[in-house]
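These are the structures in question, set out in turn.
Each of the next two complexes has subunit A plus one more chain, namely subunit B in the first and subunit C in the second.
The block that comes next holds the complex of A and B.
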């Protein structure tokens, strides 16, 4: 957070209503997202209890487990979940497009669209990762066989969960993260993890202020938690007796009693899930009301590439994701995440003046009016005369950039601007003289509109979203001894496949 | 979730342990009065860890020192705590601990052999849950102390496990009893603390928050064990810096161990405990008749008027932060009281807004409608700049 978002929080607290912290939407929203609201049994490492899933707000599908500690019932649940998820995912591999992409503009074929799974909060992403981990190594033959879709589901869930680490990726999105990226509430970030409270601040029901709606949302009877953890009182007073009834019916072999017990359990779990299901679609509506930012489509293209690549990996019979990354793979991934983080930050600022304002406040960018311009200035000091127009920008922002450093304008991202001088007359706006190169055509006369004219409002940032070559890493078989030495290729073992899940 | 074994109902009001402690008795009498005529609640590692994470909160310090049942007080004041414990979590925790300790701690011995190079196949086991049928704190503490003293003195190489020891630690200048769910294991000339937790370690990784909580709790035990042994004239080296955390591995319930270095947490804890204001000086600032007694009638019904209880609570200053929501039963009461402060928006917001205490003040400074006194001048410049930028982007004044 920054002073700007904290100020928005303060104002939201005063007004009793959430405040925007973005002017555009910074994430891609699918026309047909898959909403997934899982519940787990308290105390267990990864025991699914129920899930509500579907891509149609009017047709949620409820999956439940009568005894989450029973291994067979867990796998029956994952098989049902797979039957709901995999057709959705694979539906996106019907149509392909050919594009020119990458630094070398090489031809690449990818699917025209990719799936988007929405879950309530970060804890549901952790659950997705765990469920993926506990199912992706399973085998369909040998001891403890599972249905074929179970390990496939595990590999897709792992793929989706791992992709949430990539800044700006939208394949799997937590609703609370997405909403708090765009709005500041009058409560703390810890309280924003409650989806009902968060949507209450942003869009309170008629007759209530945001703060009143958030207070109501904290009552687990009105608004059961959006999972994966259930309300402990619900566990103790409702769930436990219903589960015992199912267990008793199973032991006695009484079919009608079993049906009645299952029905009662399903109804109770549905009552816990329906409010979260509705909140999820409300969140989708709130996010859709914002116009998308300029770079959102390009980031979604990268998601489509990743989806296409993983679908191909599965089709070609590639191995499941290993339990742990190898040293080289981890170092590569980390370097990539760092580059993407910087680029995501730059793209958001370039797309959204309010995000740029945060960077301006931090002294990483400045905005103001052009007061003077020499569009025809030619530098003849070198061997060859070059076009080097100069402009003077008057700004009230603090300018921390030093003379000689290069800044970029969101309006002209291909153009380089070098700071020639900064003068800060006491108490008055600063005057920054910039020398421009690139992006003005080939001759010694700048193409019309390529040089900012006096009176134009401009913004210059010390960061940019250009291509940065990845650092060099050794091949996995050249891993230095400091990092464990050359890598033994990962081969899924029987032990992986037969791991207990009790 | 850790479980608390043996929260016996038979607890007596404890009197200070220093023989010359007239002052201690005065403090005790005041704390008894604050609590009212009910059994005090024991401290445990979790409450001490929570206390040391927010050492500036006098309300929590006083209520914990007096052994007040914060859950009930908060509920009667109209702000019941937002957390309960699911019986599924509880039974899972109990089942796991029982499994680790089953068959003469067979599983635990396997882990001790792996992690501490335990040379022998077996170890003796001493349960300290009661002392000759007496479950009072004093009796249990005396027995723990006696057994630890004997073990420390003997050069015996055989491993000995101590289950349910009752320890004592000085908190806020006053000794508190600790009801730990731990095993202390003595091998050779060193004691090792063993902490059993039922959260899973998957592929060598576990939930960071849960591990952090387990480590700080273990550090409390190490500190308390060192204090008990220190009173017996032993050096701190006698208790190892490394604790053994026992958790279920992957998705099964098979126990796995991990040795955790708690030196950093020990340093933090010692510093925080030293910073904790002495309970007597906190009490001095409070009115002598202060009590959080719910005045239960013979039928168990609460007779204390709600408003009166809330007023009594308000006398003791609290330091609310949103972190309290996860660890303190009084959190909703204090949050309501802290409405309008920047701290209620989170530590980051408090810092971002230049440390200004109230939201209204911060907004006045941002709008330029309040004079900024010297200390707030810097904050005012930043806030005004932020307000100008928001107005420029959104077209409306902050």
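The block that comes next holds the complex of A and C.
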């Protein structure tokens, strides 16, 4: 926790309502997101119990399983879920756009929009990943066949869940993550995982403070947990008898009794899911109230690329995602994630002065006023004269950057500024002399406005969001002896569906 | 450890020389590689340099890989000093400026491309630079220094360049880290976020692992503690005898305050715990930061002279020979500011985080304890390597500055990291190592008022 979020949390606790820690929204919100609230059965690994799903707040679709321990019913549920999810996902492949080549990318076609699935919390993302893993290798023929849509759903769920590792990706979003990215509450980060308490802090009902609303949200009778785990008292006192009734009816073959039992079970599960469903749409409304940050659209474009690529991979009959990454695939992915993490951090700071303030407190950026400028300075020491204006910035921020390092201004991202000297006469404020290059037009005269003028407020950061070519790794069939030697090509098999411990 | 304590410096010298000979003999054994575990200051780089020269003499071109430009310059400079007749290549990035250590040797050629260095039997460069090479060129041997600080994905990028490797490193120091937190590769033998050596050993379990048994840096008073807390399975001893390293104070501390008491204690015993009253604080605890700066300044005022085997008549402990180590960068910055505010002339004192102090050596080190003033003990603050780096940089004495109550904090926060399938348990355990060091420091406690 940074100093600034600690302060915001302390203030929230004191004032009784959540404090904003961002001035803009750092994630893309679809016009038509798919809200997915899953529930699991306690005591069973990844056994779906129920789900509420839909893209219309007024028309939630409830799916339930009468006996989650029954494998056939589980896969029947997954097939129903697939029938609800896959048309939504595939609906986005109707319209395409052409994207011109950029750094590191060729010209390509991609879908104009991508799906966005919203779940209540990170535990639901884990459930999505587990459900994907347990279904994507299933066979539609042979000894234990499953409906054709089940493995397809598994591959889509795996794609969505794996994509959440990518910093700033918005294809699958946990509402509690999204809300706590933008607001600090007066409770602990662990308590923020309760969606009802979190929304209570941010937007309490009339007559209550945020802390009171959060206290009310602790009662599982009014606010059942938003899943995937259910309230244990509900399990014992409501769910177990209803499930038993279903079992009894199934054994006796009494059709009307079965219908009654199913109806009662569905109603009980609906009562557990409806509050979370409404909270999800309330969270969407809260997030929509913030204006989007400047780089949000660019990150969503990358999500659209990923969606297009995966849809193409499925269409071309590609294999399901392997159970684990090979040595080269893992290293490549890590390099990509680290690059995206740095770029996401920089973009957030460039989009939002409050986020930048955190980086300034950490000494990674400084802001201040230009006190002197030499816009026409020309360096003639090299083979050819080059324009190298210098500006002096006075700042009371702590400057950790060393002389010679390059800093970037959010206002002029294409321009490089090299720190010539940092002097702190008698402590603060510091005088930082910067030498500028790039982004000033051709020739030996800077284009008007490209060099900060005296009196201008500027901000410079030690991080930037420029393109970096990906590092080179060996091909998988060239994996060196230190990492297990050349990789055998992946051949999907029935073994893939087995877990290591089963 | 009892087996190691026998014998004086003469026996230590012999044991260390034998260990080096064993490693050099293992290089000729025809295997794919050799791993050498080295405690702090055990002559790791000297071994790397000697092995490079030995291989080059045997007609085997060698690529010398280290993790930072600083380390590469150090290796290249040492190699050129010990073997002026050997052509050494310094493979570098585009904006590299040769340091004095490299530039003063005529036998060292600096270039950004390998063809320019074709005449050099030994080419030294950072792992990051080696990883950018194009083409098919391979070397029969690579010597990787600070191999435990290299991440496994970096080894993956360079391993295709060599047939066999000598991997030298200190397993007790900080593991490399990643800015990305993910459990995706947990349990995979090639987990790219792991250190290179464990990954190498998991795929090649029969590679011989050698140990260097003698630390030339740490005095006997420190070697026992550091070996016991951080190297439970690789005991080592100090290369000097008790009393051979001495700190003498040339002036008297008339005020006789706790700072003087701590310095005198550290001069006499090699350790001191300067304990501030218990309090929960921000990371940049102003009192602790001031105490670190004031202790360092006081050491200079007291005119400390260090006597050791290299300087039996004593050498003054100047600002350059003192370091202050912290866990976080903002703490280091606060200490630097406190030094500036104290008086001019203290700029020479090195103030840095554990990560950046790795591989460096000073006469006297002041440590701001990573758990000082904290409410909780996170995995970051409990990491054994962090405390190990901080308490093993000194040749003479170490003063630890901490708030009271750390043992109680540790007891309230037992390690709760989950255990994962196929992930080998890591030793030493940070929680236990922290307790061991504190238990030792308790006897050298000075209460600050």
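A few notes on this one:
As a working rule, the second predicted complex is superposed on the first by the 488 of 502 C-alpha atoms of A that agree within 3 Å, B and C clash if a C-alpha of one lies under 4 Å from a C-alpha of the other, contacts with A are read in each partner's own complex, and residues count from 1 in each chain.
One rule holds in what follows: a contact is a pair of C-beta atoms (placed from the backbone, for glycine too) under 8 Å apart; a residue touches a chain by one contact, two chains touch by 3 or more.
Values in this document were obtained by computation on a predicted structure and should not be read as measured data.
By the touch criterion defined above, A:315 lies against neither subunit B nor subunit C after alignment on the C-alpha atoms of chain A. A count of residues in subunit A touched by subunit B and by subunit C gives the higher number to B.
Touch criterion met: A:400 reaches subunit C, while subunit B stays clear of it. When the two structures are aligned on the shared chain, A:3 is found in touch with subunit B and with subunit C. Within the superposed three-chain model, A:14 lies in touch with subunit B and out of touch with subunit C [touch as defined at top].
Of the two partner chains placed by the overlay, only subunit B lies in contact with A:190; subunit C stays clear of it. Once chain A of one complex is fitted onto chain A of the other, the partner contacts of A:324 extend to both subunit B and subunit C.
Residue contacts after overlaying the shared chain place A:473 against subunit C, while subunit B stays out of touching range. The interface of subunit A with subunit B overlaps its interface with subunit C at residues 3, 324, 398, 500-501.
Subunit B makes touch with subunit A in their complex at residues 1, 82-93, 198-200, 202-204, 248, 250-254, 322-323, 325-326, 340, 342, 344-346, 348-349, 352-354, 359-360, 362-363, 366, 382-383, 385-390, 392-394, 398.
Listing the residues of subunit C that touch subunit A in their complex gives 32, 131-132, 152-153, 155-157, 159-160, 165, 178-180, 182, 184-185, 188-193, 196, 199-200, 203-204, 282, 329-330, 333, 337, 340-341, 421.
Contact residues of subunit A toward subunit B in the complex are 1-11, 13-14, 20, 23, 41-46, 130, 133-134, 186-191, 218, 230, 232-233, 235-236, 239-240, 323-324, 353-354, 357, 360-361, 396, 398, 499-502. Across the interface of their complex, subunit C is touched by residues 3, 165, 167, 324-328, 330-331, 333-335, 337-338, 341-342, 362-363, 398, 400, 424, 427, 471-474, 478-485, 500-501 of subunit A.
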